Amino acid sequence: MPAHPTSLRFDRLLLTGAAGGLGRTLRPRLAAYCHRLRLSDIEDLGSAAPHEELCPARLEDADAVHALLKGVDAVVHLGGVSTEQAWAPILRANIEGAFHLYEAARRHGVRRIVLASSNHVTGFYRQDEVISPADPMRPDGLYGLSKAFGENLARLYFDRHGIETVCLRIGSSFPEPRNRRMLATWLSYDDLERLVVASLTTPVAGFSVIYGVSDNTTSWWDNTAARHIGYRPQDSSEPFRATIEAAEPRLDMNDPATLFQGGPFARTTPAE
Amino acid sequence: MPAHPTSLRFDRLLLTGAAGGLGRTLRPRLAAYCHRLRLSDIEDLGSAAPHEELCPARLEDADAVHALLKGVDAVVHLGGVSTEQAWAPILRANIEGAFHLYEAARRHGVRRIVLASSNHVTGFYRQDEVISPADPMRPDGLYGLSKAFGENLARLYFDRHGIETVCLRIGSSFPEPRNRRMLATWLSYDDLERLVVASLTTPVAGFSVIYGVSDNTTSWWDNTAARHIGYRPQDSSEPFRATIEAAEPRLDMNDPATLFQGGPFARTTPAE
Amino acid sequence: MPAHPTSLRFDRLLLTGAAGGLGRTLRPRLAAYCHRLRLSDIEDLGSAAPHEELCPARLEDADAVHALLKGVDAVVHLGGVSTEQAWAPILRANIEGAFHLYEAARRHGVRRIVLASSNHVTGFYRQDEVISPADPMRPDGLYGLSKAFGENLARLYFDRHGIETVCLRIGSSFPEPRNRRMLATWLSYDDLERLVVASLTTPVAGFSVIYGVSDNTTSWWDNTAARHIGYRPQDSSEPFRATIEAAEPRLDMNDPATLFQGGPFARTTPAE
Amino acid sequence: MPAHPTSLRFDRLLLTGAAGGLGRTLRPRLAAYCHRLRLSDIEDLGSAAPHEELCPARLEDADAVHALLKGVDAVVHLGGVSTEQAWAPILRANIEGAFHLYEAARRHGVRRIVLASSNHVTGFYRQDEVISPADPMRPDGLYGLSKAFGENLARLYFDRHGIETVCLRIGSSFPEPRNRRMLATWLSYDDLERLVVASLTTPVAGFSVIYGVSDNTTSWWDNTAARHIGYRPQDSSEPFRATIEAAEPRLDMNDPATLFQGGPFARTTPAE
Amino acid sequence: MPAHPTSLRFDRLLLTGAAGGLGRTLRPRLAAYCHRLRLSDIEDLGSAAPHEELCPARLEDADAVHALLKGVDAVVHLGGVSTEQAWAPILRANIEGAFHLYEAARRHGVRRIVLASSNHVTGFYRQDEVISPADPMRPDGLYGLSKAFGENLARLYFDRHGIETVCLRIGSSFPEPRNRRMLATWLSYDDLERLVVASLTTPVAGFSVIYGVSDNTTSWWDNTAARHIGYRPQDSSEPFRATIEAAEPRLDMNDPATLFQGGPFARTTPAE
Amino acid sequence: MPAHPTSLRFDRLLLTGAAGGLGRTLRPRLAAYCHRLRLSDIEDLGSAAPHEELCPARLEDADAVHALLKGVDAVVHLGGVSTEQAWAPILRANIEGAFHLYEAARRHGVRRIVLASSNHVTGFYRQDEVISPADPMRPDGLYGLSKAFGENLARLYFDRHGIETVCLRIGSSFPEPRNRRMLATWLSYDDLERLVVASLTTPVAGFSVIYGVSDNTTSWWDNTAARHIGYRPQDSSEPFRATIEAAEPRLDMNDPATLFQGGPFARTTPAE
């Protein structure tokens, strides 16, 4: 049963990054909200269900991305690098790739994009600060920096071309929270679905930024300013608290991963 | 059973606009909170129950309004024009009438007014903005403009004469939400009752502005700053979402009624 | 020599309230900025200079106001009641009259209005508060309330019809400051000219609110948010301080006129 | 069963003010969260349970306080004067005593303090205002003033020495709300426990200020900015509303105790 | 010639701390603004000029302070400790002494106090932050903490008793700026006089906080919110820049005295 | 004579983009503030003065950039693309190049960078809005987007590595303002020098963003929050107003170049 109680259906949705962790989660769930689901990734996408179209593409390949956007109503863009890495792959997939995606959207008249941004856009705020999407960006690494680029790119294409984007600063989306930090950052898969579908179906999205997080008791992010999209989380990390705290009773208070919202991303990488 | 769990009772309440849509809804409900209920309108009020006093009056008639306010403890002012119309009737009922009401309150020592204002005071904000009562007024038409006048009038009478007002910027109060916009703006009748009674009974109302809206998942209005009156909505438009979206799957994104919070009020009227 | 260093010239400007105090001041000064100056008032306008057109009109007379706006490039609207008075004349001139003015501007394609608003729109702030145009309105009387109406009306006509307005919340514009309060509120005539001409000639006025005040050392108003119009005052009340303070060494600290920014307007009138 | 679902255990906690109202409430509850509980007060502490250490101490006695802090992991500081009184005892217990406590924490390497501050730090805000911990302090008496001192002291020791404090501006913590004011200010004992334990166990506390209040429908305090500590109240004063309002149907609107958040504390004391 | 162009004269002013650095500076200057100047200190005050009254008093001596306040119109309170020291003298002079001062003002009907507060109330902000009086206090030591206490005390006596205070968060008031930090914090003696006299003579002071600083090019403090008192500095540290920077070309960027606004006060003292 | 009155001298400064318009302006001026000036560009740098080192380098060439940063005390980074262009050159010079610059600074221990950012980072705000560096970025094109990237990159390298950057959002720096828009955006060459030198020499720069603009009467940008660097402009566009307005009396109000702060950059390019 769909997590979001809409009856709206898209003719064709595009899901990029469909072979990744969140992509595999959303792939079957999005079927409830569209007639055809186009899927893209650089990894193997398996075999297509009758309502699916498989379109492997590298994001840095402008032509491939343009082909991908043709004929779609809306995009859920999970594609690209999603971890802290060397600069080169981040540049190619998340900066060059994001540019190609928006150019393609403009050329093919795609009017709405749900953009998987990341809490790492603001990962250098401390864990004892509660921030909102209006606070200045403070990326915690090259990955967060590339997502900040993506958000500004989306803002430009809305201001100049009217293409709407909901930027989802996703926390930690896994079946269960895995550590102390995720008590604050966890986004359940059902809430992820609610969030993506609310972003796709709200009548007026404009340019919006919203943290992708469940209704956790511990919270660093105030989403009030983006309540207009109709997202209200239903899950919480709280039932996992006792188990997680038992497994991790001591934290190193001198570790940036303890202090900053970005967790381990805020550490200086060994290569540096 | 009253929706609001108070045990407070007023000696005499005045309900203006008692023959209108919300007036007919509140008339039987307010009986639980007062000994005598004075009712006024320019339309037929039917016959009076034992606890009721019928006092038809035109708001632009200063003498009639002064008679109306005599001997009442508090006022729920729903009277006046409640739709976008020509200037003349709005001027008479909502501007001249509101002035007479506050002058009469001052003369007769009435200390609190619950004023039916409207979301149309801020109807020219976009639907992708979440605003609070502290944001500047942006009326979406002559009706909203007259309600903005009423709020400023109430502020003056509080600052100068100590008469307290809770301005209720009512969204869309109907038995059920009727369209896509009302998924955000709906105020159930039970929540309306909760809101009006909380406004009447909170010890210190001062001059307050609060959006009159249920606990809808989609929300454009942040009422945090007026939580002091003790209103917490219990209903939500969410159960109606699938049905409403099915009936109205496509919206015209070039229509101001889609883009702005005021909905159809934000359209330029044909007469213009 | 013009106070404002522009070389721009309007074909035809309309100045309403031209027989009043500020109207008589601006009448000769505006000649430097236009080819033809249309003048209106209900009081005697004297005889017309070659570049002048005399058009007496009552603001509550819709037809007269429509005739007034025909063929003008921009309006400096000083007309209407400018003191605290009974409700009836304020309603007629400042509420009905303002409505007619904007309707006429819409019909005749006038794109910009410089609206004489007043510091009395916020006169119920205390003198130990520094406010900006973004703070909520707090009118200090019926006059201030009518000016608040005018500002909201202007906002509506900008949001709906694109007619630009600069609302000037004029402090105290006289040849010299006359009392202790005017050390904060004084607007010299040269600064008034600078302000009006900047409002008329700035490329993009949008809907702006700016306090009309000289560069006084004592200041209650922060105009930073409206620096875009290109107004920078050159005069100051400071040279008059010693003389004024000598004439008025003691103030009644229990008098609202001492405490509130609106000064004597904040007093309850005897008629009340 | 513990109200807070943590599995974390402290080796030794110190609870000051353990013989007071809230101290007696927390004494048995804190046992679930630590191996040893050191208790201090100037009043009789009864006999010690096996896990308890009784350490009577006067807060103005620096040596005693230093002994108290030795070997503890964290402190819950309820000690000191908790009512409006003469200056001398407030000075000794709440100002001198607080200074000794933080000096002792610094010397003995205690890294976290949960400080019982009070809503009376901001008791001179009106009841029709909703404030947050970021608003300026407005103490309503000498007691509130001493708590304001404590908060600033805690801030200094965090900025300079890295000692973390969560300042709890406790509302009214009793078994049940007792009067109209407590409909807004009530903190249930279970929520008190949740709040104290969340403050003790959150990984990064920094310097935080949070109002200690249950999930009451009427609310003057916006705790959003401190949601990072993981406190979410579960109780509400609402079930008590009808009974309380029946017992106290009329309030004196000229009484500061009605008007201000501090209630009776905001009254000028007879001694003055 | 007086630096401030007022013609107002007080009957009797009290200047505490008159033997200190700023006290000796203001002593002759205040003569221009009052008929009688009462002077107090614990240090030798020299001999009295005809218009002067010498009243040595220890601030922790309540009776002496009460005698001091009798019959004065207004107070300029510079008395107390003005450097970072041990806790005991700060407690006595700045906390106990300030309390006695305000109690005495209340008893003797003194309506206005100019309170020498300090930039060290906010000394733990970084030098790359620009703050305003509305930002939370962050004292940099025990001295700053005691001044924070004084400001909150003043706020209480205004809210409760209507005694007005202008808190002057004085930067560095010397004949010339002496080091790199003072390029931002310098307050010339003429500007000090302007500031004190403006604070004394503004009609409505309420409770105000203002940074005491000249018109320096480098600035950490935004005084906009307190422009209502009529203070506009005329001097600047800029002419001293080249000389000061030449004398101190290198700063230790790991020294808190370089990083924080409080300069050397932000260092942990050796005794600690 | 240097425009900035400092006596500080750097051992070796690096100026990138030294052959561009602003680079040629700063080249001789920076000589007054350093012993050696290293110059870089991809265009011809002419011949080196005795204190100069010429080091041509392409910014996208990581090795060349690393060589460039070796042994310098601070960097004035004007290099890269400074106009709206195709994506490829912007990507190479402004995104890849900026990354290499910060990596090189990190490796070679360079502690401060003055980064030529641009008003085009916020070019999609309207000309009737006054914004500050804390407002969200709204780039007006690919160039502005690349500068937004540079600012976020600088923020990351400050948060993670402590490298300080002052981002200068330069308006329009030319010998004279050239058009209506530049009345608001003009930065004189002397003010440019003041701004760059203040950024280089302020003791604590942290991560700061400041608009690079002279003291123009018309202003869209509020630099208050960055006054800590010690920049105060001395020039103004006002003397050029009459001439410029005469040359350009009519503006097309439907042209984005008129409406938005970015001027012509906000237009959709023909290639699109």
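Here the chain labels run A, B, C, D, E and F in written order, and each chain numbers its own residues starting at 1.
The criterion applied here is as follows: a residue touches a chain if its C-beta (ideal position, glycine included) is under 8 Å from a C-beta of that chain, and two chains touch if they have at least 3 such contacts.
Only a predicted model underlies this, so the values are computations on that prediction, with no experimental measurement involved.
K.L.:
Assuming a repeat means more than half of the contact pairs shared by residue number, which candidate in A-F, A-B or E-F repeats B-C?
P.N.:
A-F
K.L.:
Chain E and chain F are the same sequence; what rotation (0 to 180°, nearest 5) superposes their CA atoms?
P.N.:
120
K.L.:
Calculate how many whole Å lie between the centre of chain C and the centre of chain F, each centre taken as the average of the chain's C-alpha atoms.
P.N.:
40
K.L.:
Just the number, please: Cα centre separation of chain D and chain E in whole Å.
P.N.:
That gives a centre separation of 33 Å.
K.L.:
I need the residues of chain B touching at least two other chains; which ones are they?
P.N.:
In chain B, 224 touch at least two other chains.
K.L.:
Classify the chain contact graph as line, ring, star, complete or other.
P.N.:
other
K.L.:
Show me, using the given definition of touch, all chain pairs that touch one another.
P.N.:
Pairs flagged as touching, ordered by label: A-B, A-D, A-F, B-C, B-D, C-E, C-F, D-E, E-F.
K.L.:
What residues on chain F touch chain E, complex-wise?
P.N.:
5-9, 111, 201-208, 224-232
K.L.:
Which residues of chain A touch chain F in the complex?
P.N.:
Residues 87, 91, 95-96, 99, 106, 124, 134, 136-142, 144-145, 148-149, 152-153, 155-156, 159-161, 266, 268, 272.
K.L.:
Give the list of chain D residues in touch with chain B in this complex.
P.N.:
Residues of chain D touching chain B: 126-130, 180, 183-184, 217-220, 222, 224, 238-239, 241-243, 245-246, 249, 251, 253, 258-259.
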